[in-house]
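The same subunit A turns up in both complexes below, where it pairs with subunit B and then with subunit C.
This part shows the complex of A and B:
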């Protein structure tokens, strides 16, 4: 048997994903999802977010687990540091999204992964959020993601995995493109 | 009401190639043309445009380029003359200045209404082209007053533009050509770059189209590739046909001072917003080109022809600014003109038959439309990667006219892709390698 006959397993069920893609192409209304989180103020800059249910495939989807996330600011901001800062959650989201994408694309392209690790860095001039200089934006000046991928593939194939993952990433799209945001007070 | 067996809509290369094949099969037909032969080439192209394919590649059924410059690139008057000569040579029954206003299904065929009378036909071939309407993005708000917007179909030359800056949106073949000539005219250009495919004009001493042709990439069939949907949407190569055989890639544009930004994603407060994805778009394009050149190199060595060409090489990576601008303040940059080089689509407003998918594209299987006796020509990757090229019309017309003849004869015809034998006699490279080279 040739090498290619050895089953590639990155733990991603690509057949299910491809099946879903085919099914949803025929029923675009089922592809309309709404993700949600709740956020409660605890004290100071500390808040606690929860993530559980979402809407998709035409109905509310119940999860088995409710996930909780503490967010706060570090002590240099005179905070209590009871959780990651919100901007770090953005980096977490980007890293997780690109990494999941790499695993899925690798599975689809029959590339066995051994390890994938990423460092995600966001540069920020905090003169923006502190209102010192109105020419400085609040958000990141830029984000740098650095991947180390060990896989049965050439250097260019690995680069192509990482590139395709960006192309199909929701969070990459969210951070690189504008989004209309509506904030209401009920 | 006039009766005819087959009515072809459009007297461009695709319609004429089909006419030739129907004549060879002794099938009575007429070619209906809204204007003159090669109408789009006459009226909807900019002044400097030349074909992206070399002269030797201008091949139609029973006709080909006969001049003494096979490696040159034809300007529009030459293209028009070529089509006219072809129509005469094959005695194509063209009815010019006859615009189709509706095509309806009736018992036993189709009713085609035109500005010069009605027709009844048993079969109809849609060959009006893939590029009748320039696609323009919907803007969330009005552009500031005083900014002129143009599509490539309106644009003629830089001299007709206002002095001042120009924003070109889109970086496929059209976008890079216009960015290049407009910037060189002294009007500073900003180019918004989305998904694109970089391509050198020549590689190892041969034109890239020569490689595409010789290595079998252009002959790759629609029923052989993994993701046809995607292959049909791939943007055109960043190519220009010029006497100098110039390559215009993003590095060349950056060298002359064109400002590159990410894909245009919004407009508010007099600013155009651009995606932060330019680096990845360029990385993907470089990787894609690398895979395409790998395909050529593999073909050359597998066929023992390495010594005929210069040694393999790879292009320097596309250079992306450390911080490409995320917005363009139209007033501050003195942008006076915006050109939408964001693609084209066919005009099917007259087609009163339910054969369109939810995105408004014709449902077809290799040009056999999802309606009995209806055929489509000249679309990207209709039956082969070359289907939208002039050089692609011959094979598609031969195969589709074969199917059409069987349909008229009342024989059982299946809407299967493999009804015609595959051409042989040319060295084909593995299809997986090709799919890899071209997509993903």
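This part shows the complex of A and C:
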């Protein structure tokens, strides 16, 4: 009982991740991943996306599950609100990425987490997307993420956890730095 | 019958959007929106996000529905694959944003859409997130979006639709340009 009470378990298999890091450092071609989603227009601003397979470790990776996501605009934009808005999906991805990172870093640093929750807020001046003012950008003017972390750790250790997660976060990088996007019509 | 066969209907209320544009040009403070998601850590790399209310048109906007999203890492990362990965959420948002834009622009240009589908692919060298090589970025090396559009329009008109959607897309802007993100621990 006391052993299991002491053992840190955030449910992250850090040994496997360390093994993967070692293996991929020797075989960098296996580290080339390709993530993918498909999106079908339903009606109006409503679309449905699916996420299933991806490419990685040198081959197509089949998932057991296909994930489906409805997106739409809300009623204040005269839409039917049949799903989250596209920009909210970005906020979901950002929160999830930082949260998974906190769990992984905590496991590595032998810090037991009890709870982690975040609020992710994106400010947007919709004069941009409506084409009212070309000086206003279409995307967020800024994003604020606020974490509450309950863990067996000091406030400084928790801050360091969150900072390290941010440093290794894919979505934090995608949002804070430019990425080249090619859009083509088949 | 022939009237309704001729009328273009993509399910987008362009008159309402044009009205909103006119109204917000006169009241730019109402155009200040704040989108939001919350994210709770479940276990391991699994988290659950909710999207419900947002702020806009000068007040909190209550939705009828709360949208929930599970995110996780896949089994090849020694996780349980209980949801799409955070980076796939970004691809979903990008596809949905461009697709909704195509429908809205088509309606405005009186082009009847029959179907729109997209594949959104993000290439990633995971040596970045694993911390193997600090010269490799954490996020996507690039994203490729490929649309198939079936519409009562020429190939050039369809290309122009997609281009205009891209020009006004919030998520395309978020991904291709940097956004300031503040992460704090409460």
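We take it that the second predicted complex is superposed on the first by the 181 of 186 C-alpha atoms of A that agree within 3 Å, B and C clash if a C-alpha of one lies under 4 Å from a C-alpha of the other, contacts with A are read in each partner's own complex, and residues count from 1 in each chain.
We take it that contacts are C-beta pairs under 8 Å (C-beta built on N, C-alpha and C of every residue); 3 or more make two chains touch, one makes a residue touch a chain.
On a predicted model such as this, the values are computed, not experimentally measured, just so you know.
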Q.
For A:166 in the superposed arrangement: first (subunit B), second (subunit C), both or neither?
A. both
Q: Check the residue A:156 against both partner chains and state whether it touches subunit B (first), subunit C (second), both, or neither.
A: first
Q | Greater subunit A contact set [subunit C / subunit B] | A | C
Q) Of the partners subunit B and subunit C, which touch A:176 in the superposed model: first, second, both, neither? A) both
Q) Touch check for A:142: first (subunit B), second (subunit C), both, or neither? A) both
Q) First (subunit B), second (subunit C), both or neither: which does A:8 touch? A) neither
Q: Pick out the shared contact residues on subunit A: the ones touching subunit B in one complex and subunit C in the other.
A: 28, 141-142, 159, 163, 166, 172-173, 175-178
Q | Partner subunit B, residues of subunit A touching it in the complex | A | 28, 109, 141-142, 156, 159-160, 163-164, 166-167, 172-173, 175-178
Q: Enumerate the contact residues on subunit C facing subunit A in the complex.
A: 10-13, 16-17, 20-21, 24-25, 28, 31-41, 43-47, 49, 51, 54, 56-57, 61, 63-65, 67, 69, 71-74, 76-79, 81, 83-100, 102-104, 113, 115-133, 137-149, 155, 158-159, 162-163, 166, 168-186
Q: Provide the residue numbers of subunit B that touch subunit A in the complex, in ascending order.
A: 262, 265-266, 273, 275-277, 280, 283-284, 287, 290-291, 323, 358, 440
